[in-house]
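Scrolling down, you'll hit the structures one after another.
Shared between the two complexes below is subunit A, which pairs with subunit B and subunit C, respectively.
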Partner chain A sequence: MFGATLSRWTMSYFAAALIFLAIGEMMMVLGFGYPASSIDAPETLALVHTITLGWLSLLMAGALLQFVPVLVGRPLSFPHLGFPALVLLVVGITSLVLGFASLAGTEGLSPLLLPAGATVTIAGLALLVIVFAATLWHARPLPLPARFVAAGLGSLVIACLLGGTYAFVLSGLADAPGAIDLTLEGVSLHAALGLGGWLSFTTMGVSYRLLTMFMLSPDRERRSSRTVWILGAAALGMMVCIVPMILAGFAGRTTLLVVAALASVLAIGIYLADIVRIYRGRKRRLIELNSRAGIGAFAALIVATVIFVASLISGQIDKGVGPLVYLITFGWLTGMGLAQLYKIVPFITWLECYGPLLGRMPTPRVQDLVVETRAAFWFRLFYLTVAVASVALYLDNAWLFRASSLGQLIAVNALVFEFVATRRLSNVPSNLRLPGGPTGPHLFFPSFQSRRQP
Partner chain B sequence: MTKDPYELDVRPLLKSGSDPFQAIMNAVDGLAPGQPLKLIATFRPVPLFSVMAGRGFAYLDQPLGNGDWEVLFTPEEQVDEIRVSAGDTDLDTWPDPARQLDLTDLDPPEPMVRILAVVEKMLAGEVLFALLAREPLFLYPELAKRGHKWAGNFDAAGETYRILIRVGGRKGHDNAED
Partner chain C sequence: MQKTESEELVDRIRDSLRTIVDPEMGSNVVDLGLIYDIAVQEGGLARVTMTTTIKGCPATAFLKEAVQNCVWYVPGVEYAEVRLTYEPPWTPEMMLETSIAQ
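Right after this comes the complex of A and B.
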């Protein structure tokens, strides 16, 4: 059967992801990790994994559970794996972060939490990879956005294998020379494949489809978009090739890394030109807040790319890497994630509550579930704090960074409050709110009766 | 999605006295999905038309002036590209559409809202024809739940989605409850 139904666990993934984001923001406010500690300190690793795994990866997984079927026009394979994967991920990521905290000298925590957490996290991600890979496999030939997702999943697998190796080396369980070489030399690959391949490349692919859908822009596959895929996939492939080169001790790794970096920059440049064309070619004159708030994320991606190229040319990549990773993680990925959540949450809630009633009685519009003027303020505050915090990192000013993180924590919590209001249908005029009966949607847990398919 | 045709000139084979049939069939087997075949021969290959029709190709022939002929065999729209609702969906028995909607300028999910509103007012057995800018993936499960049948596909340019919906019996209201 064709078509896409509501994904049962997506809202639960989003809820868990937002909790991890709030925890990460609090760590930054309290001065836990970079810039108070050094960039490779265990405290920083705890913070980085709270954000990249806890927030961004859970968010991406929840979104893919809902949108991979939309990208390929067929239902998910093994959809029942969604819930066990979520349990494994929440448990695994929590122990991984506590494991890093134990390396940082926190009393009463076993360093074995690190490899245990990594193993459980990888098991959870493996379940998700099975779900998505099987769905994509059955949907061949893949439309272009789905090919981005496939490359992103490939990057995730390699990033996980590298990360798992580090966890065993850092906790002292593994001392094979190859594993130690990878730990010493492969961390930038792990970060590039995770942030660049899994999170960014997948976001780029999905954005092609969702932005054209939200703004009614022409949806044809462009040659330029195919070029973005080819360049990006080639860059990711080159980074993957460096792993065996490290193990075998081959020279020429830096050259390959520079070529991969150039291909990535080119891909991002063409991608951004595509995005400008999608915004300009839209049929819809007034765009909704999710598309407006997305512009901030694209701006962050542009600035990050410029900083990256500038520091490559000036040879100061080590000095600029902190602000750069911050800008990618918060400006681009978190900004885009929050912006699209602002559309996905009301849409899913609307379909869940009013889909069965459409045409039979008056129902609210999707936009009746949100109050854009309120949320627009919080998005502005969010991007302002990203800008200030990036400058603070560049100036090495830890206090300014903590102050702007406090502003960001407030903005994020206010947006979470907006999502909760949407789920509770608080913004819907009361005469339209629940025409079909007294029960509203659960906040983040599926309602089992209403989603059964005939 | 229009692809460049694969060009096969069988005039040398014909002039050398051999039968080009196998070469043509090999070329047909080698075509990409949706790819046309351009055949150039020394005569109008009438017997081939029915053979190719059997393999799902339409033909367009034109004389080249010097007695040679050029025939463009284009694959007819693939049946498997039409998406139909589950169960027995025999489009030949469907009546002509009673209602038509052009929803190509509406942003999602408005097309779904309009379609369901119109379908609710139609009689069982009637057919609605609608044009949309996107494939209505979230509409399908809702139609199935309400007992309606549907069939749809993109137009040749891949820009407009066309869907036929045949209104089912009025058991849909009960289905929504379970």
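Right after this comes the complex of A and C.
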């Protein structure tokens, strides 16, 4: 019988991810990258990869290490690969970002950092893909949320292969015509598979499970949710098919891309209707802050989808792509990530500190590890800054963007302090703290003494 | 052991299990409907069948161990055996109304 497992390295992934997020926010405050530079400038690519790989991918990986076993009801395969993957990713992503900075003309940095960083990053991601793919493989037939994760992993693999190719072309190490064609024409595919497939589609699948779990909504596979998976997986499959079409020089790529875009929009529409049903069908009358803060992320996804459709119809997708990607990255993915961290961090902390004491002494609830009123203010500030920054990008107002990024940096750091307070058990009533002192677990390193961790 | 005594022991075990609070739900495991069955046999052998809200929940082993320890210390229990099952799977309808507001 499958029992409890606590992912040993999840909190370390979260800590590294939050550091990358703070660095990315500081880059935006200082005017490094878009909108001060053009959207395809090396400075922007440094910023984009700090956020999408450093923050969002490490966050997603850490969360999956803990929740893939919950999704499939069996332990993780090769859990010991979690730590080497983290080391490779932190080193690789840092090197990749410095490689982009080198292309941007930063002195003292070798452009070879770019392909070296890409290689090490891909190695780290490959280890994670092995862990998750093996776990999913042994858990067949997969429940629906896990099938979203499988499609997300497939997208990650292709996005990585494309990204690795670009790194070698941009640094001058590769000049094969196919690689150059992919670099010139495939960047939007790389972005769509990374942001849309790996990060968004996986988030959608996991959200079905987590929201149902946390709000006690009816937990059954709906036909509509299966339709979301089919449409989304088909859209991602079409995008993958465009890669060999570029290499072979086939026509009809734009048509396929438009069909994939329409399928994605339809999938998002049905997904959002499902989410409304989950919120409305909940048994838990009071919803906790993680689920409330998630509403802001869903709102950002709705706005982004509307803008995307409007841009497609008006034929101005090129003009609106910057604000659109910003809204998806920060409003939807970062908003959802921070909101769920607000639940996952106290939950894991509770398991580490109080799990072994359950039934032996009075233990606090998971909710006793957080102070929602304080954090709710920072979540409001976060979403306000996302809205203002998105408008600033539409108005091409770099000053307003930097000012709102400063507000966002403050909100993110305040939330990080809330996570630290949770880890330190600072919010727990004094009579329920650990016996022998108020100290909590290690902030972000695993407790090697714990007997329950794999 | 007479039937009435056995029923009393089951009641004592159930009351005792009410001290174990599910960390996420904030209600005790009995009112949440996580305890499917409590059976007491000759010689103080108590068998508890329980579930968790989610299969694969990271708190599963802690909850099971807490239930086992709790039952063991109930006067009259000589041996406690806890079985974890997901048949039928837990649903929110199994909760007492008082637990839902949590």
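Note that the second predicted complex is superposed on the first by the 444 of 454 C-alpha atoms of A that agree within 3 Å, B and C clash if a C-alpha of one lies under 4 Å from a C-alpha of the other, contacts with A are read in each partner's own complex, and residues count from 1 in each chain.
Definition applied: a contact is a pair of C-beta atoms (placed from the backbone, for glycine too) under 8 Å apart; a residue touches a chain by one contact, two chains touch by 3 or more.
Remember, it's a predicted structure, so these values are computed and weren't measured experimentally.
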Problem set entry | Joint occupancy of subunit A by subunit B and subunit C, clash or fit | clash
Exercise. Regarding the shared-chain residue A:Ile313, is it in contact with subunit B (first), subunit C (second), both, or neither?
Worked result: neither
For this session: Could you tell me if A:Gln66 is touching subunit B, subunit C, both of them or neither one (first, second, both, neither)?
Result: second
For this session: Answer with first, second, both or neither: which of subunit B and subunit C does A:Ala251 touch in the superposed model?
Result: neither
For this session: Report for A:Thr5: first if it touches subunit B alone, second if subunit C alone, otherwise both or neither.
Result: both
For this session: In the overlay, answer first, second, both or neither for which of subunit B and subunit C A:Met213 touches.
Result: both
Exercise. Once the shared chain is lined up, is A:Gln367 touching subunit B (first), subunit C (second), both, or neither of them?
Worked result: second
Exercise. Which partner, once the models are overlaid, touches more of subunit A's residues, subunit C or subunit B?
Worked result: C
Seminar exercise, completed: Which of 41-49, 59-67 or 95-103 hits subunit C? In subunit B, it is stretch 95-103
Exercise. In the superposed view, which residues of subunit A touch subunit B and also subunit C?
Worked result: 1-5, 69-70, 73, 213-214, 216, 218-219, 283-284, 347, 350-351, 355-356, 358-360, 363, 366, 452
Exercise. Contact residues on subunit C for subunit A in the complex?
Worked result: 19-21, 23-24, 26, 53-67, 69-70, 84, 91-92, 95, 100-102
For this session: Provide the residue numbers of subunit A that touch subunit C in the complex, in ascending order.
Result: 1-6, 66, 69-74, 213-214, 216, 218-219, 283-286, 347-348, 350-351, 354-356, 358-360, 363-367, 452
Problem set entry | subunit B partner contacts - residues on subunit A that touch it in the complex | 1-5, 69-70, 73, 213-216, 218-220, 283-284, 347, 350-351, 355-356, 358-360, 363, 366, 452-454
Exercise. What residues on subunit B touch subunit A, complex-wise?
Worked result: 83, 85-86, 105, 107-109, 112-113, 116-121, 133-135, 137-142, 144-145, 158-159, 173, 175-176, 178
